[in-house]
Every structure is written in structure tokens, then in C-alpha cells.
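Both complexes shown next keep chain A, but they swap its partner, so chain B is in the first and chain C is in the second.
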Partner chain A sequence: MTPATRATPRGAGWRRRHQLVGLVYVIPTVAFVAVFFLTPLVLVARMSLSSWPLLSGDRGLNFPKNFVAIWNNQLFWPAVVFTIEYTVLVTILLIGLGLGTALLVQEVGRWVGALRTIFLLPVAVGLASASLLFWGFYSPSIGPISPILEAVGVIHQPISFLETSTSALLSTTFLIVWKFAGLYMLILLVGLQGIPDDVYEASALDGASRGQMFRYITLPLLRPSLAMALILCVTGSLLAFDQFYILTKGGPDNATVTVVQLIYREAFQRQNLGSAAAISVIVLLALLVLNAIQFRLLRDPERS
Partner chain B sequence: MGATSRNILGRTPYYVLTGGLAVIFLFPILWAAVASVSPQAATGQTVGMGLGNYTTLFNFGAGLPRFMFNSVLVAFLVVAITLVVSGLGGYAFARFDFPGRDVLFLLTLAILMVPYATVLIPLYVMLHRVGLQNSLVGLSLVLTVFQLPFATYMMRISFEAVPRELDESALMDGCGTFSVLWRILLPSVRPGLITVSLFAFLAAWNDFFAPLILLNDPTQQTLPVAIANLRQQTMGAIDYGATEAGVVVMALPCLILFLFLQRHFVRGFMSGAIKG
Partner chain C sequence: MRLSNSAVGFAIGVAVAALTTLPVTAGAADQTFGVDDGTHITMWSRAATGDRADALVQAYNASHKNHIDVTFVPTDDYQTKVGAAAAANSLPDLFSADVVFMPNWTSAGLFQDLTARIAALPFAADIAQGAITASTWDGKKYGLPFVVDLSVWMYNKKLFKEAGLDPAKPPSSLTEFAADARAVAKLGGDIHGTFFGGDCGGCGVFTWWPIAWADGEKVMNPEGTESYLNSAEMKAIYAAFRGMVDDGTALMPDSKTETGPTWTGYFPKGKIGIMPMPASLQGMANAALADADIGVAAIAGVKGGTSTFIGGDAIGISRDSKVADAAWNFLAWLESDDAQINVVAKGGNVLSRPDLASNKYSAKDPRLVLFNSVAKNGQTPFAKNFGATFNDPQGPWLVLLRDAVFGDASKIDADNKAINASLNQ
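This part shows the complex of A and B:
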């Protein structure tokens, strides 16, 4: 059947009406996006401009009080600085280890297949479960690390994993790297496998070394995957909550309070939804600007 | 020395390195499983190996069966609603050129760009107004929204991968658009549906922040928040044993599902690469 004969029984009018049927099938999507996404965005903006205690609700506009209060909040800037420190540390480690493990599991084989599965197992475990797991893992009472090191004779007293601000940051970072390295391995592995073999073969004929191939072929061609991994990792780390809420509770001495934890505290401990909404709006705007910059920097220079 | 033995020697650093990494990645999971049945002072299991910690966990608070039921219900609702919404939506985006299509699709993807907390604070207020505070149904609806960007995208490209001739000839034969979807297209997009279900299940089963904010009644909690609460509520000493038993209970379904459906899990990431 040619397209011409196919169109005959039902004319152009039917075709146009037929396309409109799609509107019926997107009704649930429209409803969800409108009610659970757009309405909350409008409401959060409204809340950020209002006095809005948790229990008594809307008390009317008070702009710019909530935003001024953020400026004077003693926890705000330390939380911003800590969140950025954590994000830089986690991003460098996760992208580095993700790329390293992706390069290690490129080939096909039984051991490589098993390795991929092993690296991906922590990704399937939930973040809260993983945080609770490591909460016991790091504890002096049942944690396995100190007894092992003591038995070998490396240390003579149990190590404290969460007691100082540095050790709390590093211990949480280890948990996150363990939990998510497989995810970044997978993203970068998909990118690596998209690079055609003949590019490597051609450069090998030209006498390129392995280092040169990595620098001039793998890295440039991996750019889209690296960009996606970077944006995912930066966004996820800036919004960190579960791991710190469970593992360090923001301690010691509020040294590991992240920005999202601050939003939670404002809303449900200090019971001030207005100022929680104001911080949320600032985080949203900061994230939009940051992602716009990242997209711009990482866009393929030849395509733009 | 033959070529093979030289090859094995050359590969030794590779096996040492990857073997070491494998041990590091497996060790915490295996440790949690062993610790949950090992004897430890001030836990439900003080002498010898056994399931004492699981008994403590079973009887804690409203009881493990209650929390388990809550988690299963939420996971089931999120998977079911996500499948319906993204199945119908993906079909519409892939096969119909209706007004506002591209704007709506971008808007759905934009959900990914917005921080969780930014949306959950107003949703807490909204759910209170309509009487859905402390409601597992309310929680499920909220969790579904965050599944829609990936699910809708996945279903759209799954439908687009099916040749158009298939549904066009059925339409010519007088089939309605819904029976085309139900009888002809759905069987072809089954892998996409499985991938969407797997991601929706893992997200709903494991989510911590949304139930923490939206559910105030401790007996209505899902497993992750309930087990995190377990740490504070045992009298005096912290019960690490029961906590690790809880970790095993939460992680086991995820690990089993992952091992069976790894192919579908990996496809979720391949799809992003294909379409850029």
C-alpha cells in the first residue's frame, strides 16, 4: 500500500482530528505536572514571601523578611561552604573512580561481567539503607575496621570515624563513593562503548601511544557522557541530605550541615516554613544558573 | 616460558587490582548480613549466631509487618501509577502531533531540574489542606511525580522504536487508538515497561526524604524512616544489631530484583546515550 492510497479512505480532516486524540492520552501527565509540580512551585514562591509558621499557616506577606533572615542565619554560610566542599570532593572522586572502573571493565568476559555486577550492587541498595549500613560499619561497638587493623597491629586504639569534622566528611564521602561509583562507571562505560573501534585502529597505525589515544581520542569523544556524569554528580551532591541526616546528624557541632538539611531544620525544627521556602527558592535559582553554566561549558565546541 | 604464561604474568596486576576493588565493594554488604546474625552485647542476639536481632526488629514500634506493608503498598502504587501515566503519555508523545506537545514534554523533563526540598515543602502544605497528610496514597502520588521525567522519556523512545506501519495498518482496519495501544503496541514495549517499573520500585522502596517530611505518624512510616527511628527509640543503648537486620530486610529485595533484571537496569542508561 502506498501512502497515497492509504490516505484515501480517511481524508485530511480525519488526520488532523486523529492527532488531537493525543490530548486525551496526556491528561494524566498534564494533571500530575500541574498539580504536583507547577502548583508547588508557585506556592513555594508565595511562601518565601510570607510569614508562614508550620502550625498556624499563612500569616500574610512579609517580604523581604525571610530573605534577610537567611543572611543573618548563622548556619547558612557554613552550610553553603560545607556543601560546596563536599560536592567538589565527591565529584572528583566519583568521576575519577567511575572512569577508572569503566576502563577496567570494557572487555567482554566472565570476570569482567561479574565485576560490573559487583560494582553495580551498591547502586541498587537505597541511600538510606546504605547510610544505616555504614552507621553500624563505622560504629566503635560493632564496626569491623578497627578490630581488623588492631589484629594486624596497625593501630592500638579504635579509630573514630565520625567524631571530628574532617573524619565525618571523609567517612560520609567514602560511603557515597561506594554507593554511587557503579552508577558513574555505567554512564561512562556506555560512552566508551559508543566510540568506534576503527578510530583507535587508525591511530594505532599512525603510531599513537596508549596515553596519546586516551588524551586525544577517548577523552574528547567521551565528552557528552562526562558532561552528563558531571551534571548528575554536582546536582546530586549539592542536594545531599539522607547520608548526613542519618550518619552524622549534621555533627559534630553542626560541622556537616548541608543546605538541604538547613531547609529541613528551618521547616520542621524551627517550624518556620516561610524561611525554609526562601532557602528552597535560592537553592532552585542557584541550581538553574549552575546547570546553565555547565551546559554551556560542556557543550560540544564543534556543534555550537 | 610459553606465550600463555607470559600473558598470565602480564595480566596479574589487572587481576590483583580488580580483585581488590571487588572485595572493597562487596565487603560492606557481606558484613551487614553477617553482623545482623552475630552475637553482640546489648542487642537481641547476645550469645552465638542467630536471628535475635530480627526478633527485635519484628516487634519494634508498630511491628515490622506494619512497616513492611506500608512500604509494599507505596512501592506498588508508585509502580502502577507510573506505568499508567507514562504508558499513556509516552504513547501520546510518540504517536500524536497534538498542540503543546513539545512544551509539555520539556515541562515533564524539567521536574528533574528542581530540588526535591523545593517541591516537598509546599507539597507538605498542599497535602495538609486536602486531608492527605500522613497518607500513604498522598506519598505515593508525590513519589510518582519524580518518576515521570525518566518514565515518560523511556516510554516515548520505546514507542518510537516500534515501526509505525504496525499501528497505521491496524487503524486502517478500523481499530480504535486505545485498542492499538493495548493490543498491538504494549507487547512490543514490554522491555521499556519493565525498566520503568524497576526504577520506580527502587526509588519508592528506598525513598527517605519524602516520607520523613510527609508522614508524621510513626506507625504510618515506610521502612527506611522506621528503621532510622529504631536507632533512637531503643532504651539507653543503641541497638546496632537490629539496625543491620533492618538494612538486610530493606536491601535484600533490591539486590534480588537487580540481579534478575540487571539487563533492564543497564538499558535505562543506554537509552540516554542513544538519544543524546
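This part shows the complex of A and C:
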């Protein structure tokens, strides 16, 4: 069925008018991108090359001082290492649990609706509010968890959730898993439900086991959803800030300082927007490279 | 014991009698400064001193046509919020600052010059100079004292009694402090000798530096560019607290994990024998700790003497304010006899007008007399990079404090070098 318009001959005037109308249509998007994306990017780049104290503003170019300062910052490499450790830990847990819960709730059943809601509810809580909530839970001064467990007799000494670097990391990871597992469940659930049933039926006729189905049907067909979940999770974790800022303040003994906390500290504690911008530029470049690699690895081999 | 009790009682009686017979100066309450014409004034203050600040603002709003809309910002975010607002030229009309941050903000020009306005106040000479000195940059005065916060030792008289100590005789040196704490700790159970904010740089500054000052030692040079926090005196202080951590006298692991937000919440629960606290009785007594059991003493040195950290908040009019005259009306009222006696003294807090220290409220409570008298030996440290060096959770002072008390104490000298580098940044 060929549309009638396609048969109509068009003149050069029509084409110019058509292009003009198209231009008008994209102007809002272009303006949006320019104002909210390009301008801050240019500004950050400019700041990273300048001496720019928070309280007194631009004091002129000083390249490469801000970048050299990163190498002399004793907190930088520990922060990079910690951020990567945290990202690996959280990504494994979130994608694993997200996939597990998605498989659990994909069938229609009596309790499935309630389960889906329970897993998804924490997603509706803001990250800062959730962090504050858990800060209260973990606090030795006002936290209810230790006293309850002690009263029940499970433990005999109060648990110190944030005392050591390991416990601080695990306590924060628990909060993040609670908060975000539902989101990844949702993303993967949508992917799972996009896999046609007849593929499974065909494989069942061929005598495939459940394990084989998962390995050779579910995983490959879930690839786009997994890719999206992975990129979201890795990028989000590398930019972790609120949870550590509120729960641990980077402690104990600077053991849980993330890269973004370092940026925040440069900007607002040390009041140096220039060096904060320099770290931001480095992080931006690292994320670009990392996401490029992830896209390449996860690209559908048949489509490429 | 009976003798010493009655001796103290007699001394207090004499002091009260002496104070109450002093003539009460007639205040210039009817004089109006600035304008009071129903202007809406915006104001920011930090949450740590929120209850006292709020009492003042409420009293002003109730008695004036002007109206102050105050926003209390979480203490840890205050520096950030002011910094971001300053960069965006959107500071509120009035904002207060922890006095130690004032040099940083006055040097950056965030406040309007108040020198002439302050000089016109009839009681200008009577205002405590600590906060004004901290708010002075290049000879210009940018701020006035808002909430005065001193550090003192508070001890639980009930626990002192149970531990066989004399509740009328608080420690007069750090050595006695440790001995009393150990005695209380022996009560066992959920009772502990002492508690401190061991992951909180600001807490260390506020509660440990006065110990050194009481011994006549310095923690920094007057310009705030060289740190003496690795001195023999400071090492003795760290060692004393390390000892109380090691033998379980200090509540652990809370003392190690306290980052600041809840450090003042422990003493009112009635389970701690003695610990440093801000000098305020406002909201202190509750079911767990009767008012009569709250004992206060001046912070003493390792050897003796007394001192305190004269902290709290200074307040000024921001450079972005368009209603400076109305804002000044609040500041002038703030330092007046009316506000100081009927709001600050009534709330059981330290006055920013030492000349009013003897008033109808303080006469009833010797603790308030002590609050107002410890200030004369107190100090306010001055450094342009104070916040980034001493308050920042990733700053160099907290590293030194934790190495000295919980970690490798041999690193103190190296850690002090990092403090010097930060002070001179």
C-alpha cells in the first residue's frame, strides 16, 4: 500500500520549506541540550583550567596546576580503588539479585503481585532519605537494630555497623541493595517478558532442560536488558556519593571516600572549584571510555 | 563531706548575694536601631545551635513588626550551602556562622561592614569581644555574637554518688577527670566513665584544645599558620583519652564511631559519668537525668587551671541583602538587655553581654554563674583555613586525632606536618 503523497512530485521550494519546518521542530531540543548539557560541560572544562576559588570566582587560567594537584592528592588513588571495589561488589549483587527476583516474579501467581510491590517499594524512596533512615538504624546511639537483636538474644554485644572499613562498606552495600534491587528487577523483568513463549515451547519439545533454556535462550535474548542494567549500575556506582556522605562521611579513617566525595570536598570544604572541576573532567573521560567498552562488549554479535 | 558541701553552699550564697546587690543598669530599650516597618527578612542558621537561635527569632518576631523567616541548615552542610549561595549571589539577608569560619567568610567579603553601626550602640563596649574579633578583617567589623557556645565538663551527680565520689567536688585536672571516669566505669553494666566524639574533628577542637589552654599552652600561632598539635602537652591529652579507651572507661565503639551528629545526645541519657559538653542546660534534663543531677565544671588542664572554647555563632548581614536596615534592627535587639535577659538567660544559656551575667535567672542557678564566668579564661582559635583543616571529615586534624587515640601514635609528628600544609594552603 503506497501512500498517495509519495507519487506527488515535489519542487525545490517545498523541500526548502520542509527543511525549515524540520529546523523549527528541533530548536527546543537543541536549546535544551545547549543550555543544560553543553554549557555546563564547557564551564567545567574552563574551571578545570583556571584558579577558581568558590567564594571569589574566576582568577584566570592556571593550567596545568589543577591537574598536577590531583597527582599530589593523597586521597585520590585510594578513592579510585575504593570506588572500583564498591562498584564491582554492588554490580554483582544488584544484577544477580535483580535477575533472581525477576525470574521469581515473572510468572503470574497468587503472591507475585505482592512480591513485586515489596521488591519495588524501596525504589520510590529517595537515596538521601534512605541513607538517613539507615544512618538511624545503624547508629549506636539511636539505632534500634542492635537493641532488638540483643533483646531477642541473637547477639550479646551491640553490633557496630560502621566501625571498621569492611563493616562500613558492607553496611552501605546492604542499603544500596535494599534500595535498588527492585529497580534492576523491573528492568530485567521487562526484558524477560519480551522473550516469546514459543521459543521456550520449541526448546521444551526438543528436550531442553531448565538449565539449558536459561543458558541458551534466556541469557542471550536478555542481552539488551542486561546491557542496560549493567551500564546503569556501573555508572551509578562509580558516581556514588549520597550514601557514603550521609552514612560514613568517608570514614572510618578515610576508608570509604569515593571519587565524587573527593570532588565535593575540593569544591566545598577546600573551596577550590578549579581542582574539583579537574577531577570531574578526569571522571568524565574515564566514564566515556568505560561505557564505550561496555557497549562494545555487550553489542549483539548477530547485529554487528 | 558535710563540711565541704556547706562550704561550697556558703561560697555560692556569698556570690549570689554579691551579684544581686549590684545595681541593674537601665537599658536603652526604648531606642530603635535600624527600621522596624514590617519587612520580611530571610535568615540562615546551622542546626547545631538551632534551639537557641530559634528562641531568639521567635521572641523577635513576637515583639516586632519585622518578620524573620529562618531556615535551619544541617550543620554539616552549612559551609557548603553558604559557599554555593555566595557563588550564586543569593545569600539570605542574615546568616550566622560558626565563629571559627568567620575569617574565611569575612576575608571573602560575604558580609556588609557593620563597624559604624556597632559603634553607635550604647552597649557596644559591653558585648563579648570574642565573636567580634573573629568577625574582624582588615580592621572592619562584620559580625556580632549570636549564640555563645562554651565547652565545659558535665558530670552525672547520681553516678558520682554511686561510685563513691563527692558529687560536690568535680575534677580540677585532666588526671582527676580520668580517675573519676574510671571510678564511675567500675559501676559496670551499661554505665560508662566517659564518652567523646572520636570521629569528629570539631568535637576534638571544642573539647580537647581548652585542656591545653588551661595549662597555658598554645595549639596554634596567633596567625593560624602553624600548628602545635604535636606538642608534649597535646600528646599527654591524647594519651589520657587513649588510656580510657584501652581500659574500657570510655564508651566503645561509640566513642570511635561518633562523627558529630549525636555526640551531645549521650550525656542526657544518664549513663555517662563525666564528659565535655556545650554549656547549655536548654533541653537537657529529662526522665533519665534529673536536673539536680547535672553537675558542671570548668574544663581543666592536665596539671590544673581552667579554660574553655569560646565558640558558637557570629551573625552578620550578607553583602546580598537589600534590607540591611531592617536586618540591623534584629541585630541591635539581639545584643540588648531585653533579648539577653528575657530570652538567653531565661533559657539557661551563656550571654553575649558579660555585663548582664548577674540577672534574675542566673541568681537561681550556680551553674549559670559558672557558664558565664569560665569565659574569661577562654579562647577562640583563629585560622583562615580552619574548616578545611579541622572540621573536614577528610581533613588532616581528624587523621592526627585518630592516629593519636585509636591508631599508631608514632605518626603524630608526621600528621602535624599535614596540618601545617593545610593551614598554609
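Rule of thumb we're sticking to: the second predicted complex is superposed on the first by the 264 of 304 C-alpha atoms of A that agree within 3 Å, B and C clash if a C-alpha of one lies under 4 Å from a C-alpha of the other, contacts with A are read in each partner's own complex, and residues count from 1 in each chain.
Note that a contact is a pair of C-beta atoms (placed from the backbone, for glycine too) under 8 Å apart; a residue touches a chain by one contact, two chains touch by 3 or more.
In this text, all values refer to a predicted model and were calculated from it rather than measured experimentally.
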First, second, both or neither for A:Gln271, with chain B first and chain C second: second
Partner chain in contact with A:Ser141 - chain B first, chain C second, else both or neither: both
Chain B versus chain C as contact partner of A:Leu23, first or second or both or neither: first
Which of chain B and chain C A:Leu41 touches, first, second, both or neither: first
First, second, both or neither for A:Leu162, with chain B first and chain C second: second
Touch count on chain A, higher of chain B and chain C: B
Chain B versus chain C as contact partner of A:Gly250, first or second or both or neither: second
Chain B versus chain C as contact partner of A:Leu75, first or second or both or neither: second
Common interface residues of chain A - those touching chain B in one complex and chain C in the other: 57, 139, 141-142, 264, 267-268, 273
Residues of chain A defined as touching chain C within the complex: 53-57, 75, 139-142, 160, 162-163, 249-254, 257, 261-262, 264-265, 267-271, 273
Interface residues, chain B side, partner chain A - complex: 14-15, 17-18, 21-22, 24-26, 28-29, 31-32, 35, 38, 40-42, 84-86, 88-89, 91-93, 95-99, 101, 104, 107-108, 110-111, 113-119, 121-126, 141-142, 144-145, 148, 152, 168-169, 171-172, 177, 181, 202, 205-209, 212-213, 224-225, 227-228, 231, 238, 240-241, 243-244, 246-247, 250-251, 254-255, 257-259, 262, 265-266, 269-270, 272-273, 276
Chain C - residues contacting chain A, complex: 76, 79-80, 83-84, 86-87, 104-105, 108-110, 199, 253-254, 256-259, 262, 265-266, 387-388, 391-395, 399, 402, 407, 425
Chain A residues within the chain B interface of the complex: 1, 6, 9-10, 18-30, 32-33, 36-41, 43-44, 47, 57, 101, 104-105, 111, 114-115, 117-129, 132-137, 139, 141-142, 144, 178, 181-182, 186-187, 190-191, 194, 224-225, 228, 239, 241-242, 245-246, 260, 263-264, 267-268, 273, 276-277, 280-281, 283-284, 287-288, 291
